[in-house]
């Protein structure tokens, strides 16, 4: 069993589906739950969920490659994508997590496989601790994982062990930092102030023509 | 008159009065015809109506541009290459007969001269490609060389058949021979296209398309692959020379094709000896040249290009055997008739 | 005096002279980032031996704009405006899966009329994207005229898209809960409803007829041309298992004989009400990839005609709170973009902006097969194969 | 799902004796003889559709300096400054009302990505799309349209199109 983060349903025996999206496509949702359950059994997963029609199966980091291979052989041969999420309490720019105190800081690496005969598809998810973001590569399993892993490596600083050519994909070679980490500040948002913070109302006591005008107008109004 | 002075005058007349207007006319034709074939208007403003002055304006623009020589280039060879290409093209014009007496020089070995001189441009292209110091240019130059060599052969063999049928190597003589064709004892005064050289004509046109590096055989310059091949680094006046050479070459090759297969300055029904042919002849020849050029332009704007190996296959496996067969056929034909 | 050699020895000697390997050193050829056939700023570092390509290493990222990071600092409405620039030739199709993902997270469903408008505009976008391919691909093979014919008719489709959305390439017309309901009007100085403008249905039918006609023209001019066939048939074959392993999707996958189309499987737009076929190739070569797209245009005109006939009346927008707050959750929605599977994995932590958006773009995966497929090909075939994959650099780099 | 295998289709040249390459030539010849479709731009112009997003026009009278557009703009390309003015009461002894007045309303079209969010979120109908498109500049600083210029665009705002009845 892996660690069980807050947003993940706890699996008692093989897995239970959390209540899904309120009304939209509940038929799909149950289909997603069915797929998630089936794949979880195939790959020997710790738990699974099917919220919002998105089937997710959680596996251990040690069993990552064999789980992906098992899912592929179990009828999901199409490699859709691989990426990661940085779950972090400290967020430099953008939205913070809803309950930072309950959050276990980690990287989630996920890989989406799908069938090409029906709509079934699944996200295989595994967690990496922040201090040791390494995981085995999927390149021997899926040739297409090469670019996706290179992207995840440069964006999150995750090391894919055994990757044949783990160099930067998008970023220049000299680039430092991992842009999609939550600790990476966005320069564009640093150099320019948000226009929304400027208010029309001048602060009391502040100098400047606009404030004076307002006061002058108030005086005139009072006299009349 | 001094011999050398005469040569200079003749070259200037040929280059200034025949080649340049011919090339400009074909360039304009290409611009306008391609545009309308693609539902476009094409040149519109230059010169007032129809954009007739567009080729001139383009030429003037190119002349004003900087003449760049890349640092990695072999400057002397790089500078010389366009002249070689242009001169080899101008030399072809010398032997084209425009009328019974309108030939700069009616050589007895005209056909031989033609084939010798036209392959000179290969040298210029190879020089350009190699000296540019650019990998794309080098590949373009190599492709051009391979292609020109491959197509020189079917072209020579196709022309040999004409020479066999006409019994002369002089271009003027070939026109006269067409005007006096006899088949099976009957006087059938028709061009060789109809009287026996249809296959030869097809081979010759295909080979000249390849020599001119026009679609479907434009691999040496293939823009989407080699970014204009051996022309990549050229700019300004030197690029203009290549450009002009290309179209002058097109006029030259169509004129040769017209002379060899379509009766040149002569038309069925006209007397090849009459004096008025010196006036009518050039008009007839130019019309034939324009019709053939239109055909070339039409091909270019309809077809995609072939691949280098497919081109070689076409040349060595199809055109050369066919042209050999054509010679044998012509020889038999000649004996029988 | 000449020495006479035994004939067999002489033969062996001449054989040996011929079979000496011609040592040609490998040349590194940089194709791109500025090259006519790379559709933008893609660079291929090719090791070539004469005309033969030994290996290719694509270098991407010249167009990387970091959409996934940008999405983390933008509200959902702002992201919609941004993401139609990912694959800029099929802008509308990029918006659809994203807004549907947000709708699912919020538990909203768009009204039927809005869904039909989405479907019509998505198919029109598919037509325009494929027509662009129809134009650029023959150009790469040296035929410049199909370009003009395809673009000529594409113009009519673009005009229709612009008439509805106000944008030709970047419609920004999808809203969470439907399509753009109203915007600043004219001199009336009132917000006006952004429903389909009058004349849209007739104009659409006319445009579809013209598109069908140009498909016939392209069939004659391109697929029927022996030279085109010589360049494409049997060139650049992608076997189905390789295609799946590399995540190649869309027409490229279908050309390899895998008849998988998300329009039939993902019920995010009302495709179930509409009859259409999925063109599938057999060989997975460049020719099949071209023909599959050509046939898809014909199917798309068929879809648009049916959708125009049965579009219901009704509102354009479901009830949506004025300030868009998306409840906590993670949702992945994918749709059949003209280039392949386009998907968004939206992770919300309950605010006005998402916690993370993973963008799965089709061209990225489609292009990742390049090193495998280009090894051992000729340079002209390299151009032919690359063009046949129909990628957009913005969609590769995001 | 119907499986239309593509490679088995005979080409247009397949059924007849004329090779496909010549059929294509017939097509280009036909185009040569028909009228071109080009709109000769500086001489002829197409009328943009009424909804075309060309340039944003501003109605300063309607603007209340609420800053919504500037806040919602994904590119932060709208610069607004304003102050409050106290308007004398309309009737004797009435309340003094305050009114927000614009000092500055600039849109930097070098940054703008023409998404139209500002026009959409404006609660007072002060922003409009005009289909005008000819405002390119030699210098990038010219792309910053000040308030006066934005107001001038107001004239070119067309009436909205009539809607399809279905």
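Labels for the chains are A, B, C and D, by order of writing; each one numbers its residues from 1.
Methods note: contacts are C-beta pairs under 8 Å (C-beta built on N, C-alpha and C of every residue); 3 or more make two chains touch, one makes a residue touch a chain.
In this text, all values refer to a predicted model and were calculated from it rather than measured experimentally.
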Chain pair, A-D or C-D, that carries the greater number of C-beta contacts: C-D
Between chain D and chain A, distance of the C-alpha-averaged centres to the nearest whole Å: 35
Mean-CA-position distance for chain C and chain A (Å): 25
Mean-CA-position distance for chain C and chain B (Å): 42
Multi-partner residues of chain C (each touching 2 or more other chains): 145, 149, 152, 221-222, 225, 227
Residue numbers of chain B (touch at least two other chains): 37-40, 301-303
Sites on chain D at which at least two other chains make contact: 21, 24, 27-28, 31, 37
Touch relationships between chains, expressed as pairs: A-C, A-D, B-C, B-D, C-D
Chain C - residues contacting chain B, complex: 27, 29, 35-37, 51, 138-145, 147-149, 152, 221-222, 225, 227-228, 230-231, 378-383, 387
Contact set on chain D toward chain C in their complex: 1-9, 11-14, 19-21, 23-24, 27-28, 31, 37, 48-53, 59, 62, 72, 74, 113-117, 119-120, 122, 125, 127-129, 157-166
Residue ranges of chain D touching chain B (in the complex, touch as defined): 21, 24-25, 27-29, 31-32, 34, 36-38, 40
Of all residues in chain C, those that touch chain D in their complex: 74-75, 77-78, 81-82, 85, 145, 149, 152, 159, 162-167, 170, 172, 180, 182-201, 217, 219-227, 229, 233, 255, 259, 261, 264, 277-283, 287-288, 291-292, 295, 311, 313
Residues of chain A that touch chain C when the two form their complex: 7, 21-25, 28, 51-54, 56, 77-81, 83, 85-86, 93-98, 112, 116-119, 121, 123, 142-144, 146-148, 155, 168-172, 179-180, 184, 186, 189
